[in-house]
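Two complexes follow with subunit A in common, the first pairing it with subunit B and the second with subunit C.
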Partner chain A sequence: MSGRLLAQKFVVISLGIALLATSGASFYKSRRLKEPVVLGPGVTTVRPLSTWFAPLRGTANDCNVYFLDGRTPGATMLVLGGSHPEEPAGRLVTWILAENAIVQKGRLIVVLSTNRSATTVTRLGGAYPPDFSIPTDFGSRTFRMGDRFTNPLDQWPDPEVYFHYPSGQQLAYVDIRNVNRVWPGRANGTLTEQTAYALMEMIKREKVDIELDLHEAELQYPVISTIVTHQRGQDMATLVSMTLTDSEFKIGTEFSPRTLHGLSHREIGDFSPAVSLLAETPEPFLDATRGITSREQLLTGRDEFVVKAGQHGLLFEKIDEKGWPIAVRVGRHTSTLLQIAETWGEDHPDKLLVISGVPRYKEVIANGVGHYLHDPAKAAGRVVYE
Partner chain B sequence: MSVVTLLYYALVAFISALLVVNLLKSRKWERDVLYVLVLLPFLLRLLRLK
Partner chain C sequence: MNMFASAGIVLATMVAVYVLIRVIRLSTELAMFGAAVGGALVAGFGFPSRHIAEGAATYLDINLIFVTATLFMNLLKESGGVAFVVRSILRRFHHNRALLLVLLTVLLLVPGALTGAGSVTVLVTGALVAVVLNAMGIPKHRAAALIFINAGLSAAAPPVSLWAMMTAAGVNMPYVGFFWPLMLPCLAGGLFTSFYLGWKGENANVMKALEELPVPPAGMSWWRVLLPFVVFGGFVFMGRQWPFSTPIVGLPLMFAAAAVISFLVSPVRLQVFRIARETVDQLLPLLATLTCAGILVEVMTLTGARGLLSLAVVTLPIWVVYASLFLVLPASEAVLMWGAAPVIGVPLVLLFNNRGLDPIIALAGMSIIWPLGDALPPTAIIGRLTVDVVGHKGTYGQFLRACLVPALFIIVVGTLMVVYSKKLGFLTGL
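Let's turn to the complex of A and B:
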């Protein structure tokens, strides 16, 4: 090999190693970024999900489960954030609950990273940012961006065809890694199926009365700005959406199709006594016609290309130059959650759920999401990590 | 780790080795760059980084 050829190889291989090191470091950091949770005054215990299904112990999906026990007994509500981590409003709401909520009557169970593995990866080929930061009163807090699907490093390979268990319904192959397509889960299934199974075990053993799964949707998707409900929650969800539409913001109600399987609003209601609900807010970041897939777009929800799609009548939700800021999306979810608790109480006066310390829609918009996140540096002994 | 996953990683390692051999054999810098770029995702997967 001539000297010139050796020099050529040296330069190209060095360039390759530099690219490998920088991209590898970014992926490594993204997968392992620690997300602190400052335990609020209402948190009574934090247990790993493997408490209810031991085989999950030590896996990426052995997430934390936060219990906020009330001063007096009442209804138990489970709130799931991070079923789809690329829909950050839901996760941020669960953070606000863990750091601020106080339960007067009843019990709140909160999961911040329902599919924790999916928080450690971004959409392959999607050019997603690895993380995003929320400005707070003391600086900022950074969160993993995440994806819709379990990290392929934790669950692989995908099947050619995915048959949902136990219905046998055929779904998209990639949905074998989508926790909201594998309910009620399977004890000897994939990591994602085992995660849903563990959550189902918890729902049954902890006697959950109401389950709320927090999501976001692209504006080109018809199920948006709505509450999707199991048939046993139809009256409550309809009353909640009517009350919110009258007093705070427009929100609809959708009834969970009885023959569409794998989704939380269908299977949790079918396989447990809990009333299962799912809430959707608009997230332009998910739209296929979006422009630059940036942190700014994620948090402001502003995108001229999505606005253009709206002008052509291609969207199921309105959007203008103001976009859909994260505070608006988080506020919609907090008000929906609080309204569900209030409406439940009207029907179950002997089994109330009374929550305080959680901001409603207008408060979140006025103060910003970060106002409700606390400084981990000033909370020694009260910090856990997601 | 399942047998299928182990086989998958063995396949990734084998293809990575082929790419490295071809990289060392090639004489054109354009091909060198191409081999390095193709090799990157294989190495990232082999190292379980992405």
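Let's turn to the complex of A and C:
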């Protein structure tokens, strides 16, 4: 081998090692970034998900489950954030609940990282930022960005074709790592299937009455700005959307297709007594025609390209130069959640769910999301990590 | 500066860097990598090592399938299995030109269909089929065209069609329902090509061909050839028949298992490490292409260049898109190779979806047109490889002219599939 070739190889290998080191450090940091949760006055217990399914113990998906027990008995509502961590509004809402909510009647169960493994990876080819920060009254709080799918480091390889359990419906192979395609889960399945199984066990054993899965969607996706409901929740969801559209913002209702399997709004309702609902807000960051992929775009939802796509009639939701700021998206979810609790109470006066301390749409927009996140430094003994 | 201007500058920089690197005769892969780095620097992201690493891993699974499937095919070739099949077909069917052409077409379609790479077809079966075509009196430029077009179709054929897989992944669409929409046009295009280019000629000179073809080792038999395929098919069958009690092994391990069986049942002792090394040598340019395409796409997404391109495509009048598919798809393949799928394919599928077309059929139609670009400069890797393997000594233009009519047939079929995708939706079986 000539000296020149040797030198070329040395330079290329050195550059490769430098690339590995710098990118590796970034991946290591974001996978292990600790997200503090300041336990609010309403949190009565925090238990690991493996409490309901021991094989999850020690895995990436043995997430925390936050219990907020009311002063008097009533309905139990489960709120799932982080089914798809790349949709941050849902996770931030669950943070607000854990740090602020007080339950007067009934019980709230909150999961901040439903697919915790998916919070530790970003989409290959998606150019996502590794994390994002929310400005608060005391500084800022940083969160892992996450992906839609379980981290391949925790579950790999994918099958040639994915068959949903128990329906046998054929789905895309990659969806075996999508927690919102594996409900009701499988005890001896993959990590993602076991996660859904553990949550189903909890839903049944804790006698959950209402389950709400929080999501966001690209504007090119037809299921957007809506509540998707199992048939047992149709009346309630319709009333919630009518009330919200009349008083706060426009939101629709979609009925969960009976033959589309694996989704929380279908399977939780089918396999447990709980009424299952799923809420969607607009997230321009997920649109394929988006411009620069950045933290700013993620949090402001402002994007000239997506606006242009809208002018050509290619979108299912409106967008203008104001974008879809994170406060608007979080506020839509908090109001939806509170309205569901209220509407449930109207139908079940003997089994109420009364929640306080959670801001509604206009309050979140006025004060910002960060206003409802508390300083971990000043909450010694009441901080847990996601 | 508004987003349109900044993304436009980034895109222009990427194109300029790509062209510059190609002008100084460096590889397409380096040109894609350079374009990605140049774009990131101009966009103010510096040297985005995280995104480069993440982009490089985008097609890791596909690369693994590539390596294991090609190793399997190479072991089969080295064991004399491919020569055995070609000789058997020739001996049995040399009196029947039509049947011979049909069987040779199938033989050409299998390696690429399994591996997703037309080059594997050219390397594994191309040379042997060329001998038979020569014996059938088919001139070498026409034989090269026949093998090239079938190799391209084999890459688009199911189960592994990289253009369809990469585009589907880019729009969050399941790679499900593609089998028949890909299989039927690939078979139709393959048969048309073989009959158009191979029908005229003398009766096969079987003795001459058998003399030129390598002789398989003693003991080679149909069961030794077929057993590895049975094992591979068995894995697929078990995963589909008993999905809840079969462990997930993934396609790369299935191909690796077939390779192991091929090694174990070979009548001659195979130098597995040499073959593995040669397989990786053979695949290195393709692996590099996929890796660099992943990096380019990631940086284009980061900087907004991909969004700009997507927006430009999805806002075009639909008739303009239909009318330009014959040019845009092969040209993008010639420049970006598989990188064309996420860069051009994704916005096109979004557009078709928005216009109410069937995205699966439309994407399948596009997938059969893309590989035609593999004969065009600046890359033309598979076109040149085919010409070399066949031993065509004439001009490259002669080969291209021979490709013209079959290429037109495929373009017409592919474009009609896009236009009438809604009506052909039943082919997906969904």
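Here is the rule we go by: the second predicted complex is superposed on the first by the 375 of 386 C-alpha atoms of A that agree within 3 Å, B and C clash if a C-alpha of one lies under 4 Å from a C-alpha of the other, contacts with A are read in each partner's own complex, and residues count from 1 in each chain.
Following the convention adopted for this analysis, a contact is a pair of C-beta atoms (placed from the backbone, for glycine too) under 8 Å apart; a residue touches a chain by one contact, two chains touch by 3 or more.
Computed from a predicted model, the values in this text were never measured in an experiment.
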| item | value |
| --- | --- |
| Per-residue contact with subunit A, leading partner among subunit C and subunit B | C |
| Subunit B versus subunit C as contact partner of A:Leu20, first or second or both or neither | both |
| Subunit B versus subunit C as contact partner of A:Pro157, first or second or both or neither | both |
| Subunit B versus subunit C as contact partner of A:Lys9, first or second or both or neither | first |
| Partner chain(s) touched by A:Tyr28 [first = subunit B, second = subunit C, both, neither] | first |
| First, second, both or neither for A:Ala380, with subunit B first and subunit C second | neither |
| Those residues of subunit A which subunit B touches in one complex and subunit C touches in the other | 19-20, 23-24, 27, 156-157 |
| Contact footprint of subunit A on subunit C as seen in their complex | 2-4, 6-7, 43, 49-55, 57-58, 61, 159, 168-176, 236, 239-240, 243-244, 248-254, 294, 297-299, 301-304, 307-308, 310-311, 314-315, 342, 346-347, 350, 354 |
| Residues of subunit A touching subunit B in the complex | 5, 8-9, 12-13, 15-16, 19-20, 23-24, 27-28, 31, 121, 153, 156-157 |
| Residue numbers on subunit B that touch subunit A, as the complex places them | 4-5, 8, 23-24, 27, 29, 32-33, 36-37, 39-40, 43-44, 47-50 |
| Subunit A residues within the subunit C interface of the complex | 18-20, 22-24, 26-27, 122, 124-127, 130, 148, 156-161, 163, 165-166, 168, 170-176, 186, 189-190, 220, 288-293, 303-305, 308-309, 312, 314 |
